[in-house]
Every structure is written in C-alpha cells, then in structure tokens.
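In order of appearance the chains are A, B, C and D, and numbering begins at 1 in each one.
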Amino acid sequence: MSDKFHDECGVVGVFNHPEAANLVYLGLYALQHRGQESAGIASNENGKMFLEVGMGLVADVFRRDRLTKVPGNTAIGHNRYSTAGQSHLKNAQPCLINYSDGSMSLAHNGNLVNADTLRRELVSTGSIFQSTNDSEVIVHLMAQAEGKSFIDRAAAALGQVKGAYSLILMSENEILAARDPHGFRPLCLGKINGAWVVSSESCVFDLIEAEYIREIEPGEILQIDKDGIRSFFPFPKAPMKKCVFEHIYFARPDSFIFNENVYSIRKAMGKAMAQESLVDADLVIPVPDSGVLSAMGFAEEAKLPFEMGLIRNHYVGRTFIEPQSQIRHFGVKVKLNAVRQILKGKRIIVVDDSIVRGTTSRKIVKMLFDAGAKEVHVRISSPPILHSCFYGIDTPTKNELIGSTHTVEKIREYLNADSLVYLSQERLLSVMKNGENEYCTACFDGNYPVPLVDKELETSQLGLFNEKQPAD
Amino acid sequence: MSDKFHDECGVVGVFNHPEAANLVYLGLYALQHRGQESAGIASNENGKMFLEVGMGLVADVFRRDRLTKVPGNTAIGHNRYSTAGQSHLKNAQPCLINYSDGSMSLAHNGNLVNADTLRRELVSTGSIFQSTNDSEVIVHLMAQAEGKSFIDRAAAALGQVKGAYSLILMSENEILAARDPHGFRPLCLGKINGAWVVSSESCVFDLIEAEYIREIEPGEILQIDKDGIRSFFPFPKAPMKKCVFEHIYFARPDSFIFNENVYSIRKAMGKAMAQESLVDADLVIPVPDSGVLSAMGFAEEAKLPFEMGLIRNHYVGRTFIEPQSQIRHFGVKVKLNAVRQILKGKRIIVVDDSIVRGTTSRKIVKMLFDAGAKEVHVRISSPPILHSCFYGIDTPTKNELIGSTHTVEKIREYLNADSLVYLSQERLLSVMKNGENEYCTACFDGNYPVPLVDKELETSQLGLFNEKQPAD
Amino acid sequence: MSDKFHDECGVVGVFNHPEAANLVYLGLYALQHRGQESAGIASNENGKMFLEVGMGLVADVFRRDRLTKVPGNTAIGHNRYSTAGQSHLKNAQPCLINYSDGSMSLAHNGNLVNADTLRRELVSTGSIFQSTNDSEVIVHLMAQAEGKSFIDRAAAALGQVKGAYSLILMSENEILAARDPHGFRPLCLGKINGAWVVSSESCVFDLIEAEYIREIEPGEILQIDKDGIRSFFPFPKAPMKKCVFEHIYFARPDSFIFNENVYSIRKAMGKAMAQESLVDADLVIPVPDSGVLSAMGFAEEAKLPFEMGLIRNHYVGRTFIEPQSQIRHFGVKVKLNAVRQILKGKRIIVVDDSIVRGTTSRKIVKMLFDAGAKEVHVRISSPPILHSCFYGIDTPTKNELIGSTHTVEKIREYLNADSLVYLSQERLLSVMKNGENEYCTACFDGNYPVPLVDKELETSQLGLFNEKQPAD
Amino acid sequence: MSDKFHDECGVVGVFNHPEAANLVYLGLYALQHRGQESAGIASNENGKMFLEVGMGLVADVFRRDRLTKVPGNTAIGHNRYSTAGQSHLKNAQPCLINYSDGSMSLAHNGNLVNADTLRRELVSTGSIFQSTNDSEVIVHLMAQAEGKSFIDRAAAALGQVKGAYSLILMSENEILAARDPHGFRPLCLGKINGAWVVSSESCVFDLIEAEYIREIEPGEILQIDKDGIRSFFPFPKAPMKKCVFEHIYFARPDSFIFNENVYSIRKAMGKAMAQESLVDADLVIPVPDSGVLSAMGFAEEAKLPFEMGLIRNHYVGRTFIEPQSQIRHFGVKVKLNAVRQILKGKRIIVVDDSIVRGTTSRKIVKMLFDAGAKEVHVRISSPPILHSCFYGIDTPTKNELIGSTHTVEKIREYLNADSLVYLSQERLLSVMKNGENEYCTACFDGNYPVPLVDKELETSQLGLFNEKQPAD
C-alpha cells in the first residue's frame, strides 16, 4: 500500500545573492497558496549545506532568527500542500543528503507515476528509504548515477522517472532547475541584481522585485553556476501537457505561468460560461475567493450585476477547531456568510471553479436560499472532474468524486440548485493558447498522457490506491 | 501620562444556553476583524465564574480543551484590537473581579473620555488599579455604587462615565447589555433556541444561526435573566451619534448594524463618489479588501469596467516578520500585488476607504504605475481624516494624520497620483438614514459630541496625549 | 467558600545594584525548592515599574531575553509553591498595582489568617479583587492607609493583618522588608558590593556571593533606600513563633535561618531519634532527599551503617505524566528505587522527615520488603502532624492527615512496618536554641499562636475550609 | 571531517505486551541519566511501524497524547546523550527505514570505530545518508545484506562494524537484541507478564516490575519473536572488554550490570581509595551526586565522619541560562553550595569519580576553602583519564584532558588542593569480578582493544578529530 503524497507544492531557488535565504523566504511567502503544511529552506555557504524545515506556514516556521541558520548566497525553498491526516516532518522538503560527491538538496513540485516502481527496484538492491516522498527516489537515482558531473547525474536520474516534476536541485556549487518533458507544472526563471531566481510562479518575482525572464521549458534542465546559465535538453521531446487546473484554480491570479496571465484566463472562462449557459437571473455572485474572477467575467459578458453576495472570513485558518458541540457542523458557514440584503428575493447565478465532493457546494446553495434567494443557478468554470490526478493535484479517488459517480442532473438534485451547468472542455481549452493541444485534461476525460506505472502495479496486486481526503 | 488603549473591540454574550462558551467562541470568530490582539471568554456556571484570556487570535487562544475551562450556560467574550507595541495580557478582556456582591465580569467595546479623570478620583480615595483598561474604572465604580441591585450598580457607574461604550456585564445570575446614550458603537440582540445572544455585529447571529431581534438602543441597559429581558433607560436622552467609520471600514459588510446593511452602504458610497468625482478612465479597481464594495459601486455608477487589479495575499498574518535585510521595506508588497496584464497602459481609478498616514497609498500608486498604468486616479470613500477619534477608533494623533497636515492637493502630490478626490461629508452622510443627524463625524470636522475630559486634563498639565502607532 | 492559597514561597529583593533583576533571578533559582508553580520579578527603573510573571520554574519562565524586560537597579522576585489544581497566573506574584501615590509591588511569603475577613470588609466598602492572594488584601490596605509615607502606609496595613508574613515591598524609590511579629517565616538581609539583598534563605547569598548580615527581626519593617537602611518596630511585641517545619523539611540544608544552620539541626534530629527509638537493626537508610541528614545523624549516633538504600531519579519533574495504562500507579516507584543488593536479608531502619497521608510511606515500606528487607523500622524526625497549618505550610485538612485520624500503632499497621516511632516534640525542640519557647508547633499540638480568624468565620457560617490536596 | 556523535545512550525494547510503548516510555524515564538530548519510540502494530522522536527529556517529548501515536504491542526506545552544540533532530533515534523486506527500526547505544570508513564505501557505491549517526551505517549494511532473514541480515551487517554496540532492532515481526563481541556497553534481558523486555540497565525492570533474567552476552544476537527467544553467536569470540566507566560513573547505582551491582562496586572503590590514600582529616565529603557512594565507602573504611558538605540544587536543568552579566561565571555554584557550618575549620577529604578538564574541581576546592575548610584533600575514584574514548563515552580530545597534559602534582597545583590522589588502576579493577581481564581501560592506559579505523583514516588525511566539548 502506498501512502505517498501527491506533491502540490511551491518551489523557489536563488543563486548567488547575498540574501539568498531571505529572498527564498519571501518567495515561499508569495507561494504560500501552493502549500501550507510545511515549509523549508536549504542553503549553501561555500559548499557547506544547511537545512531548516518545519510544519506549518512559512511565517510560522521561520520565526525569529531561524533564517540565520540557513546562511550562504545560494538557497532553495519548498512549501508543501496540506493533505488531511498525512503530515509528517520527515516528508517536509527540501531534502538534504550526503552522497559520494558531497551534499545535495532537492525541492520538488509534482508527482511521479513510477516512484513506487523505482523505489521497489532501489530497495531490492539494498537502498533504504526514510520518507514516502517521490523526491527521495530522485536523490537515490542521482547518487547511483554513473555520470561524473552533477548535471549528468541529474539527467540520468530524471531520465528514469516518469510523471510530473518541476524541481530545483542544489549541489555544492550550482543549482539546477528542471521541468519534465510534458511540462505539467510551471517553473519560471527570473533575475534580481544579477542573481538568478527560479520559482513556481512569477508572483514571486513581483514581490522581490526580480525581473521575469522566461519559463523553464518542458524537458529542460537549466544549470546555473558562477559561469552563468546553460540549457540542456537530455530527454526525448514529448507533447506539451500543462496542467489545466493551474489556470482554473491553483495558481495565483497575478501570476504569469505557461506564458499566460492567470487572471485573464479566469475571466475568459467566466465569459465562456456566460456564452454557454446564461440563464435569466438578477445577479451573478462568486464563491470567494476561487470563483471571483470567473464570476466577474460571467457578469460582464451577461451584462448582469456582479455582487459579493457571499462574504469570506479570512481569519479562518488551519488552527480553527470546531468546538465539540451539539450545534456543530458549521462547515462552510465559518468561512462564508451570505449577505441577505443583497440576495433576498433575487434569482442568483453563483459561480465556482469546480466541484469535488459536492458537500460544500450543497451547503452554499442552502445558505443562499436561507438568505432569501428566489432561484440559485450554479455555474462551474470547468468540466466535471471524473478522474483522479496522478501528476500532482490532490484529488480524491474516483468514487469520491461526485462528478465520477453522479450525472450532472443528479448532482444538481444533490445541490438542490435550480440549475447546474459546467463549462465544456472545448470552451475551457479555447480560452488558452493552443489549449486543445498543450494541456493535460486527464481529470476530465481520463486521457493520461503518462502511463500510470505505479497504479498498474498496485492494481495488478489487488492493492487499493491510497485513499486521501482532500480539502473540498 | 496615559497609556490606555483605544478600545476597538468585539463583544459577545450568551445567556442560558447549554453551550454558551462554544457559541461565544464562534461569535468571537465572526468578530475577529474587530480585534486580533487578544481574546477571552468569561463564563458563569451556577454562580461560579471562570475566565480564560490569551494573546492572539481566538482560534489560537482557544486551542484544544481550553473551552472546557469556561463551563456554564452563560458566557461573555471579547476580542481586542491590536495597537502596535502596547499589548499586555493584563489588558486583555473580559475582566473578572470579586466585589461585595460576589463576582462580576465585563466585556467592553468603546473608549471613555473621562476614564483617567475618574481613575484619579478613585485612586485618591484608596482604589488600586492593575490594568490600564477603561473597563477597570467601570467595575470600580460599580463596586462602590450604593445601589442594591446589579442593574442599579451598573446604572450608577455608567451614569458617571462619558464617551463610547457598548458593553456586556455578567453577574452571578444575569447579563446586562448597555450602550452609551449617543450609541457610538453597535450592539445587537439575537435569539437562539430560546437563549439570548448579544453581539457587536449581526454577522455573529448568522454564523450561530441565531435570529436577529433588534439593536440595543442608545442609552439602554438591557437586563437578561431567567425571567426574560427588561429594558432600562436610566440616562438623560442624548442625540444619536453613531460612528460613521463602522460603515466606512470597521464592520463586516455582511453585518446589519445601526439598522442598515453595511454592504449596501458601502456600495452606495461608491456610487456617490462616481457622481462626485468621475474622471475619464478605463478601469476601476479596489484596494482589497477595504475598497472592494465602494469600487464596485463606483464602477457600476460610472459604467466602467471593474477589475481586481490588485491581488491580496491572505496568508500575510500577524506573524510575518520582514527579514533583516538590505532588500527590506517590502511594506505593502507583501500584502498586495498588481496584475500587470490588467493594468498595463490603462487609466486607472483606484478606490479605498480612507487615507491615514498616506504611506501605504503612496506605495500602491507606485505599484500601479510600475505595473504599467498610464494614469492613476485615487478615490476615497470618506472625507479626509483631520482629527483623532477619542471614542474608540484607533487613529493616530493629529500631526500624524496626513489629512490634518496636508491639503488634498499636497496629499495628491505625495501620492504621485494624477488625481485624488475624497467623498464629501455631505454625500457620505446622504447614503445613510438620517445620516446628517445621527452620525458622529468628529474625525472629519472636529465636532466632538462628548467633551474630551481626559484630554483637557492632560493638556492643562502640558502632558502629551498618548502617541499610538495605528496600522496604516 | 475560600479558595485562597497557602503561601509557601520564596522571596528575594535587591536594592540599588546595576544587575538587580539578574541577581533576583539567581536568587529565585536558589529558592526554587520553596515554590515551583510560578515565578515572577518586578523591577523599578527610575520610578517606572515593570513586571514579568509566568507559570513554572524560574528557568522556564525567564528564558531568552525576558530578564531584559525587568530593567532598573531595584527588583523583587517571588517563587510560588505548587498546590494541586489551583494554579492560576492571576495568583502569581509579585503583584504590581497603581494607587494614589504611584506604583508599588509586593512579594509575600506566608499566610494571613484574617485575609478573608479583611477582604470582606474591603469589598463591603467598594473594593474589588482580582486574585485570591492574601497579598491583594495588603496592597488594598496600603492604598487606603491615611499615612503620608510609604512606610507609614505599610505599617498601617500590616498592623491590621494577622498571621504569617515575610514580605518585600517596592515603592518607586525604596524597598521594605517586613516580618510578622511572631516571625513565622524566615527573612534575611545580605549585602553585595554595597547593595542590599533580602531573601527568604541565606543560600541565596552564597550563590550570588553576597555577605550574610542578619535576620530581619520578627515585627521589624526594614526600610532600604538611597540613604541606607532604617529599622522600624511599629507593632506590639509578640512571642517568637518560628515555623519548626522550616528546619524539619522546608528550608535548604545549606541555609542559615532563624540564626541556626539547617543541616546541623537535621543531623541533631537524627541523633535525637536514635536516642529515643533505637532498635536492633543492620542498616540505616534515608528516604531521599528529605530524610538524608537525619538518617545520617541517626546512623552516626546508633553506630549503625548508613546506606543509600533508596535511589532517587532526579529527572522526575513536574512534566511527568503517568501513561494511561493498566500498569499504572507507579507512584513513588518513578521517583525512588530500592537497591536490592544492599537491602536483601537486612533489618532496615528507614528515616523520613514526616508522614502526611501515609500513602507514600506505605509504598516505600513495600518497596523495601520487595527488595528483600527482613525487617523495616520507620523512624520519623518529627511528631505526628495532627493539625493543619494556617501560617503557610501547605498541609491537608485534618481528616486527611493520617496522624490526626489514626493512632501511631494503626499507622504502623497501615504501613506494614515492623515498627514506627516518631521523634517526640520535646526532643525535637531540644535540638534548637530556645526551641521550647520560640517555635510554633501548632501542627503537632494545635496550639495556634494567632487565632484563626477566617476559619472561625467560615465555621460559624457552616462553610467548609478549603480542601486542598498537597503533594504527599 | 567527521562530526558524528559519540553515542552514550539508553535503549529499551518490549516485545508482545499490550502496553509496549507505555513500558518503553517508563524505561526511557529510568534511563534518562544516559541521555537527555533527545528521546524517541518506534512501535510495531501488526507489521506497521510508527515513530515519534523529539529533542529534550523523555517527559517533555512525550507529553499529552503522543504515546498514542506509537501503537502496537512491540516497541523500542532510545535516549540520546547531550553533547554541546551538536544536537539535531535528524540524529535522534530510533531510526525507522523502509528497505526491500519492509520496515525496520534501530536503537543503538555505543560508538563504532569504522563507521566513517564504512560510510565512505557505501556512498561510493551510491548510498545516500541523511544523518551523521553510526546507526545509519548499520541499517544500510542490513539493507544490502544478501541474507534472506532479518537475523541473517543483522549478522551480516554487524559482522562488518567494529567498535561498541548494544542495540535493539525491530523488524515487522520480531526484535533482536545484540551486543558487540567485547561487550563494551551493558544490555539486559527481562520478563514481564510473559512479555520480553530488553534494556541498557536493570533499573528499568525495577520500575516496570519486570523480572531480571540475564545479560545479553557479548557477541550474542538474541532473537525475540512469537516463538520465544533464540540465541545466536555469529561472530568470532573476542576478549570481554566491558566499559569500566559504566561502574565508575555512567550507570545508575541501583542497576545490576555486567553481573554486578553498581552501588556495591562504587562503595568498594571508596574503600580501596581509603586504603591507598588515607590522609589525616576530619571529614569525608562527596561531590554530589557522582561521588556520594565512593565517599561513603571511603569514610566507612577510614572510620572518618561522612558529611554532605556540598548541597546540590536539583532544579538546575538544561534550561538554565546564565544571565548576561558582569557577575557571571557562577559555574558550579549554581549547582553546588558548600555548608559552611560543617566545613569551617575542618580538614576535608572530598571525593569525586573523575576529573576531566579540572575546571569544575578547581571551583569546588575554592568553594570549600571559601566556606572555611582548613585543608582540602581531593580523592578520585578512578585513575587519571589520559586518552579519549572511542567506544561511546563522550570524553574530550586528549589535549583537553587535564590528566593527559598535566602530571598529578601539576593538577593538584591547578586545583589548589592540599593533596590529590587518584585510585590506582590496579585497585580499581580489583573491586570488580575478573576486573583485570574483562574491562576496557583504554581511557587510562591507551590500550584500545579495537583498532581505531576511522581515526587512522582521518589522521592519514591530516584531518582533525572532531573537537567536542563534553559537559565537565
């Protein structure tokens, strides 16, 4: 039984800047939405490596003087996503190991589909593992690679792994930024005062006032050392398969990833929805924050009033514990509240980015009716999720996905909504450049661009795939 | 020299509900925006009182089993606002004291203007003080009141204090909810399964599924005990002077206070601004979150596109510590980021609720220009703040208020904006019912409805009023 | 119902030394045995007072930079004793209050017998109380005293309280050290580099390399200010009634208190026991650490071998939590282990200082027999405790005292010991100078030198005296 | 450069008891003296392994419900010794790894002398290391072992390591207890209600009421599984070389290790000292706690009075931080205080177990003279330490050992003592069974029974041996 993590994370690396760790810290701050479970920074001071990791938000992990414990002018950092019940310090990243050429460190965003298979091979020849991270597979493969140089080791190791990775490797005198041949996850290159920065999203560059240079290309390993940057493409070319969910939900709207601005894409999704599924209504409201931009696009296209009919309490954090109580099950009410005066007697179109299990959406519909809405029409800016993601988005197993087990009409009934329309896959992809060809849509249509090696292995052994509980 | 707090806070009370403390906890959660410095709950179990207070957010203070330490079916709670540098546990509320009739507890929102004066009188006759809270003055006055009953003591004590208070008092067999004769701060009454709830704002009732009943009236002391509720008006009638800033900034938009919905008022402010100060522009954007609703109203009225041109990082919390660094002074950039693709080449109207010192606004204007804006027009949904508030809003001293020291044109120059227009006081008040008569506008026009007793005392002694640094 | 504390505590004060708080911190360290529940330091820097208190050991409360928060060249400190279940931060000392003459702070060791009575009077005229400390009564009385000067106020207040106190008061420009007329608790004066130090025990002076000067006299108020020290005796003379338990158990053996060395007294008790109650045996062993010195005295006098037949695990601290377990009730075994090879087949005399409930002694006897002892003879270096202490030693109520409810023979049966002999009161007192006249022996004979005002009050109201559970 | 730890630790294992983790917890408690830096427990519930480790004392690491996180009926635990400045969570034990046969866990006491050499070989073939523990070498060797069974793997791995180890290995269905062929460190077998317990010292059995069965033999691997226990001796027989310092200092006096009672050995050392080095004196006093038993033996043999002339403050813990201060350097005074009334005018023999750097002893001599001693004669219950230990006792490098750099007379001069005599090696060994043959005395005479492989490696590379600062 696998209990590995799906790695939805944020990574940052800074090479040759006197305040490397400080910049990485700020970068992790800007990437906090990509992972709140743990945060860590590894640094390199004249070939000596340091590591500090901890559970929780970046700002909680790096209190007081802890940043001084990661000295040096090169550093890499990592935020891990929170999946319910499986958070262990040993799985926090970056990892830092000793091998025959000294020390190296790795920060990895993505999910490998053959990590378990490779791990079995490695352990069968005597390797030992201390975490359930995919990343530990990569460093093992690197340690055993024949190549003389660090980049040769990286190329040899990454040549064996399959799946999604956008990662940063730090040796004693360089960093490497690598992105898998399909380019599932974003990874960008920036520059600040002559120093190089690598980051999952461009919003990091805005915060630290770095200049956006370009994406790391799919299949590229970019070597950054004192002589500058050099590009390597050691793997066979593969079709681009960027994760469509980065645009739908995951990335920050102010980021520029996959060579497009997330904000604009989201608004365009809203407009496409309005074209596909307009209904006679009085108001368009978003489920905040995820539905705000597509709701704005919808309202604009439909020429309907846009209102913030649901108010979000931003103080709801990880530490909220529902009191043991008869009056429990506040659920989404702790986060959201409906504005009765806006909604009363109105026919409402409520816009969200996706439906996973449906329980939250059902509560929202009830909340709107309770606040006096006359009709509630749910519009979702993506097609139904029918299949689990194995490339790094933390989706539940198929039979927990309401889209996989219910028809749209049955989902509408479950939500008690007057209507429910999902954006079609065709229109969704139409709002992105080359959307039809360059994006992975496996969660909608089951077309997995990389074979699910581990999953087949498990299935062949009658094992069950890891049942994780994502935050809905 | 006074170092007392300005009390912008949230209060909740629940009488006779089996889960009193749990409900108060949830209520404080919903009122977290009114105070993040400390949180506390006092409860009453069969006449025995319990108190738990701590520094920080409600959810941090009441971790694990701490709620079980405030048993009983009656409880009151308090959130305190964070003012820089003056946070002490001893000032956290509720306060719980023993006096001749047993125990009592108090949670207070507002600021008294004669607390120092009363304190001097009290200590001159032998009273001792352990905090710098106004509230300690009130409980001293109650303890010394001649009256036989709790409500008589309360009336006697509150008859002596001047200024703003919306407070909840708990005796061993009742609670009292009291609001000063001018009604500066809001205070509402609700009902849940036959139990009474009192709260600063109505959003509490929505969360715990209580029914909104009415406001506590200015000058009213409402007694809630096993026999039900009884209303007392022991003070001379005074003109209503509700705090206009509750509508402009402080209250939650989903709250219904002062008999109006905050959301609607804020949108109306935006429309009024558009009528007063429209300029030729391409986009209206808010400073999130405070400017969102008025920007929406502005855009709607002006028929201009509304965009979220500034994205807020909601993970920026109290724990963020800027790293010691050459590259420091990220200031507002840690919280806000501009969306270049939306702003580039555009003439922008940016809407916020107020300007205190101007430093943040200046950074925002720069951020917008850096993101490519062609013109930046700043619109503020309230008049310039010229005077300090002594009734409970934490404003800096006059000479730190940019509105007090600079003309509007000079402020515009300082902000480097193409234009700057504040909403006129007349139009602002016009969006509220009886706005002209029933609201306190002292911060705009210096018409303090209650004489500043302590301040005069200090001035006469050549003392300086406490120089606090509010969060801008 | 009273829930006040019995105050067995340690106090330290330093006047006019550049490192006042550091010295107080070290002093509290040396007095840690007198109280582990909470620790606090109040300081005075040019008339401005600072206070830091916390729950736990001195070294835990004052981590990192917290000592820098109590600046100034005068400081007083306090350790509070841990009584089960009643530890609240609000009861931690020193207390620091504001009154008509400014600020003052108090650290108090001892227990007043009329505190409740005085408190009732005070609250009946409008005073409010925030803690259940006796000390709060004293500061109220001082605040209301007519006297012009600080020492006049102190004399007026202390003239009204009855019972045991050894206390240190700090005003804005002096400190006072006061001891009640009977001199129940110790209090010493020392000198370090021209600065004055006051401390519960002389071991503090050893640690900070101060010179022992003398005891504060019973009934003395010693004023220490920039002009030096001055002695006042404002109260009627009373018979000396020093606490015999300080010598038996409470004080450190390396301390010189009540003008005698504790170590020597304890050894003399052991010798007296050997003279009174020698039995044919092979070994004398102590219950460590409390019985070590009297066991040594016993063995020496009896010319029997002395062995450490019970080994104490000094890592057992306050944090030990017995695991929830079938195999629980390790009780004293976690602290003590018997050395089988020493005890096997031997007739053992085991020496301890006292028996409170008897449960621990019973387990020890069992442990000795389990380790192979042939006979176990228990010798106690004090008479049976028949009566509760109301002057500051935390004893349980009478009916929990095994000495009060059982004859010595019944206690022996309960312990399963071969013999049990207590040291007679006469011989106990004989080892101290003027023992017969100058010591309080109320816990043995019920002769309370100060009438138990509060207790009578409670009894007359059919109230029950507070049932506290002391550590056995 | 090596920065590995010298492993002086405590280990406990429990097989097949419903409260395995609880018993291990209590066992670690009893072994707290063997390591205070970190504590950890690994458990096995039906083949699934769990691990909890943390920095600090056992009772601090396992607060609240943490023991519930190590479920199952088999568990092993580990206490690590504190060495200054090198404490990292990643080095805490037990370690828990995944390898080709599943999971295994290891708790190790001792120090390998060829760990660095083996590590180099392992990394040269691609292994990666995450800690600087010797233990990680062992689990790597086991993972790579050809053998089919767990015990075969253990035998293969342990056949390659050299040095000292007493360790417990846990597979998914058994535990192994192994002791190196020389038997440097103790390891005992016990039984509780039919379940097996393994522990560094027998005091663990006393606490949990287990029966002491026997020692694990030098060179033995004891397999414990559901079928019972089986003994294996897979290594060539080697001369017994038990660590003499376990008897001198390290083990608890109530433990029975190396088939002898530590308490009796220590007293016998004292007697031997008296025979070798009696001097005309008035008193014998120990340096508590380490010198207590040998001082008692000395006094008994010399027929001189024994007194506790130095009192130890047992509240001095790891958290004590000397305040930044002019009056700093309290050093040993915070821990020890001299009893003036006992020492004044006396000729004192002060007994301790060893002298490492001499700084503490020097302060103690000064403290005794300051307290009035007329003469101070230092007696040490072991020979001078001339050589570093490489088998698990944390001694400083040779040039920091005062015994290595100074003659006894020069040491006496440094201490300012009237005389200084060490117990001779011959007499020391004479108090143990077969002492001359069965004990390692390398620290006294440099006869290292196992060649120092790593050290030679380092020396040949002109490396410096790791300069650690042991607690004196």
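Everything below uses one rule, namely that a residue touches a chain if its C-beta (ideal position, glycine included) is under 8 Å from a C-beta of that chain, and two chains touch if they have at least 3 such contacts.
Just so we're clear, the structure is a prediction, and the values are computed from it rather than from any experiment.
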Distance in touch steps, counted as few as possible, from chain B out to chain D: 2
Pair of chains joined by more contacts [C-beta pairs], A-B or B-C: A-B
Centre distance in Å when chain A and chain C are each reduced to the mean of their C-alpha atoms: 60
Centroid distance [mean C-alpha coordinates] between chain C and chain B, Å: 48
Length of the line joining the C-alpha centres of chain A and chain B, rounded to whole Å: 37
Where chain D touches two or more other chains at once, by residue number: none
Complex interface listing, chain C residues touching chain D: 18-19, 21-23, 25-26, 29-30, 32-33, 36, 57-60, 63-64, 67, 203, 206-209, 252-254, 256, 261, 263-264, 289, 292-293, 296, 300, 305-308, 311, 313-317, 319-321, 323-327, 330, 333-334, 337-342
Contact footprint of chain A on chain D as seen in their complex: 89, 95-100, 123-130, 139-140, 143-145
